[in-house]
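Alright, structures below, take your time with them.
Each of the two complexes below includes subunit A, the first together with subunit B, the second together with subunit C.
Our next item is the complex of A and B:
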């Protein structure tokens, strides 16, 4: 493969990373503030895709706009779920079995409600953007839909960063992530912040699901393969760091994309080069998860923080 | 109020597992159903995925089987000599949720707890492979209507049967079809072929079938890339880049429906173009055409059945299916399931008994002479797998589909090479 072809793949990997980051950030903020591993995240992703489909089919609203509309709708939905279910969970500094079971069960309920409502057929959103691409020379082609999805994801991540650092709510969230007890002493309303955080996490899941619905076909089972990736990204990013999520998403997307196209040297009666079979590609996120947990349990963000502190 | 809420909180805190149980109940309610046990009936187990990633083909196969059951029951049932009367079929259906472990355990349940005289099911190869081990263990005839991999039938099972022709034949027939286009002068000799198949026995058989023909017909095609991908992959950019770098003239894949849609979408977005393109047995499905529009035009597929087949019984089946389900039979999935149930009924009648060994012996000999499948005859070879020819279809613009091979069943001319838009 030529250097230009590798550049083409790098661009595609970076575009993919944008969606991965939007997909995982909701899970990160919920974990950071509430120490809940939100397994229902996959269900919210799936509902986001169907939300964009319904907007598109019923009201002819472009799925990109649909994904933006999904933000406030899923924010309210998330707050409702928190008020009805999540707030009754016992508070803890570490994830509890009760929270895992509750969120897993809720995911299955969402999945089966989706089967009842939309059936089991694979659905797709076909827009004029879906199959078109921007071609640069003969080799580089960038799907327009991926560009749009990337731009929407990056825009929302930037807004989230601003909210995180410039608003009362953002400061409360960061305080709870750093030290829940000290933050309560200085007057942070943990119950209210948790409710808003769960709403925010759900909003981002719905938003990312709507964007993913533009890239892939989906059914009520949609979300399952993305849940593992979200896990890997937040573990890689350091579990509680939004900027770490962006870094984790880039690392995962690049590794997944390049794992099957980088020739690996192998010595057997002289040097030979082999490609990792594409059927081994799903191993990449699993292997990455294990490596990160063993070598740097605080993720990439923890690694950088340590270096900065040392410096 | 506060105390009431606190009490409510206590309950939820202590019983959060309730949500899990509730979801299980919802799953059961939406996913499975069991017929009421009756005395004078023939109990047939049916295990197929009607939820999960294979739900669409699984639902089609269920409809095919249930249409056959309805027609048989409407005609009074199956004549069982040992009982001295006709008995109606009682279906015991389970949804395996596209989970191979669940699929195997549900077949086990149908064969043991439900004591079904035979079990139908097993879509796709992965699920069929998991189910197949139960047949000889419980000495109960098992007939897969959706698994065509030869690996299932090469293990010497005595109670396993399959109404799908071997998958390897798709590869062979696809190669034959492409070879015929070379002979007609539509394609040049010595074209480079890139093959990318799913990492299953299905994919392996497809490649073996293609290579088998290609090995015997030197000079027709040169395979420059042969790779496998994992089922349910979401990103094919790496493998498609390697297809691009291989500078192949023909792109052949063997994929299930969701992978076909995802890969073809990314194929088009990457600006790829080949003289011919195929996704094995996938191509004319309505879902794919809805998802990709004109992006599926000119894809050819080797399939087990087409509603374009000129046989009167195939046309009657298509009409009956529409009347039964309310929708057209727009893919091949239902036909092998329909005939699978019919040949099982014929075997039970031939056996003249509900003894499982006798039904198994009858299945080995019986022949369905009015089959709706290509060749119009369905019977099982010595290893239990049916063997009948495939038809090649090609998608045409405006949602049209033509049979383009073999010539005697063709409804239109093959377009080759594919026009570059």
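Our next item is the complex of A and C:
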């Protein structure tokens, strides 16, 4: 492969990383504040994609705009879910069995309601935008939709960062992440902050789902591979800070994109080089997860033991 | 905790044997093939549920990845049988491979606290299914067929499954009543406190995970032998892992008889509802899961216990009243 082709892949990986970051950040804030591994995140991602589809089919709203509309809608939806289900869970410093199973059950419900409503065919959103590309030179061509999606994702991440560091809500969120007891002593309303946080996490899941729906075809089982990727990103990024998520997203996107073009050395009657067959590419995030767990346990222990550096 | 009354402990001792005897003698009543098939399925799923319950219920380490052990059991059994080994030897081979796999998953993840194990189990099922879909010696995604030269005997399959379920109940009871089981429950409640009292959480988790995987592997093998044809999208499916987890949760997590009750409910729901409304049975399971977690965390067994507590409670009140006078 020529250097230009590698550059093309690198650009695509970076664009993918933007969406990955938007996808994982919702899960991170929910974990940070409430210590819940939100398995229903996959369901929210899937609903986001269908939301954009419905907006496009019924009201002819461009899916990019649709994904932005998804933010407030899913914010309210998330607050509702928290009010109806999540707030009854016992509070804990570590994820509990009950919270895992509850969120998992809710994911099953969402997924199967989607099967009932939309069937199990693969859907995709096709607009003039998704079918055209920007050409740089002869070999590099980037679909316009990837650029737009990347811009939208980065914009929302920046907004989140500002909310996180410049508002009362962001401050109470960070306080709860650092120390839930101390923050309650100084007057943080943990119930309200948790509700808003869950809304925020859901809003970002819906938003990212709508963006992903523009890039890939989707079915009600859409969220599962992305749920795993979100886990990998959180674990890689280490902390709940937005920059950590961005870093994790970039690492995952690059490894995934380049996994099939990097020669793997293998010794068998002399050195030989093999390439990972493309059909094995879905294994990459999961293999990465296990590898990270094995070789970086100390750094990761910080993630779930609340030894937060920043925030 | 109150001590169980004499009658109830006697009942607890006799009822399992009675159930076992009835199930063994049932074929004498010439039940229909469908009933035998349903009981076979119940026994197989109960075995997996009991296995999951050891690590997920008693030790408190939720795993979404038991489809890996089920599938590995199925494939190992099939391959061994294809190479001319005795089916029963093949089941044990399936269990051994599943146990080996459990160490591979457990060794890195049990070193860490918190939700790592849960997350890793989801990753492992997904990865294993992708690999099995592409593996040549097992036919990849198109599946694998077991060819047995003997005539198909529904009874033999039935007895195998019943014995496996009985074995799983026996193992669960032994673990629950042993020092090892006590250690597991201590780990579930507070890992640090358990470690202070001389329990090694790491090795305990590894061993109980292996036992659970072995039981699930046997069940996978038994299932595969009767099905005779299976493919990775079936035995390694994420939904298989969900099913295995649902039974103990529905029946009563952490108890010996909860998974059995859950298995019965599971097969009934699966056969009655999934046939009429495909894709809807998971909706029901999801709703059940939410309701159980929020309202009755001890599952159906907890609900039953609550209902049956009324009787002894009244007796106690009568006794109290008598004592006051």
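Criterion: the second predicted complex is superposed on the first by the 287 of 311 C-alpha atoms of A that agree within 3 Å, B and C clash if a C-alpha of one lies under 4 Å from a C-alpha of the other, contacts with A are read in each partner's own complex, and residues count from 1 in each chain.
Throughout what follows, a contact is a pair of C-beta atoms (placed from the backbone, for glycine too) under 8 Å apart; a residue touches a chain by one contact, two chains touch by 3 or more.
Given the structure is predicted, the values throughout are model-derived calculations rather than measurements.
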Clash or fit (per the criteria above) of subunit B with subunit C on subunit A: clash
Partner chain(s) touched by A:66 [first = subunit B, second = subunit C, both, neither]: neither
Touched partner set for A:219, first subunit B, second subunit C, both or neither: first
Which superposed partner A:170 touches (first subunit B, second subunit C, both, neither): neither
Contacts of A:201 with subunit B and subunit C, given as first, second, both or neither: neither
Subunit B versus subunit C as contact partner of A:88, first or second or both or neither: both
Which of subunit B and subunit C A:48 touches, first, second, both or neither: neither
First (subunit B), second (subunit C), both or neither touched by A:277: both
First (subunit B), second (subunit C), both or neither touched by A:109: both
Partner chain(s) touched by A:18 [first = subunit B, second = subunit C, both, neither]: neither
More subunit A residues in contact - subunit B or subunit C: B
Superposed model, subunit C segment overlapping subunit B, candidates 2-10, 200-208, 272-280 or 308-316: 272-280
Residues on subunit A lying within both footprints (that of subunit B and that of subunit C): 85, 88, 98, 101-102, 104-109, 112-113, 115-116, 120, 225, 277, 279-280, 282
Subunit C to subunit A touching residues, read off their complex: 56, 60, 62, 64, 108-109, 111-116, 118-120, 122-124, 126-127, 130-131, 133-134, 238, 242, 249, 253, 279-280, 282-283, 285-290, 293-294, 297
Residues of subunit B that touch subunit A when the two form their complex: 8-9, 12-13, 16-24, 26-27, 30-31, 50-53, 55-56, 59, 98, 196, 199, 227-230, 232-235, 237-239, 241-242, 244-245, 257-258, 261-262, 265-266, 268-271, 287, 290-293, 295
Contacting residues of subunit A [partner subunit B, same complex]: 1-2, 5, 8-9, 12-13, 16, 85, 87-90, 98-99, 101-102, 104-109, 112-113, 115-116, 120-122, 124, 126, 130-133, 135, 141, 143, 145-146, 216-217, 219-221, 225-226, 256-261, 275, 277-282
Subunit C partner contacts - residues on subunit A that touch it in the complex: 37, 85, 88, 94-95, 97-98, 100-102, 104-109, 111-113, 115-116, 120, 224-225, 227-228, 231-232, 235, 277, 279-280, 282-283, 285-287, 289-290, 293-294, 297, 300-301, 304-305
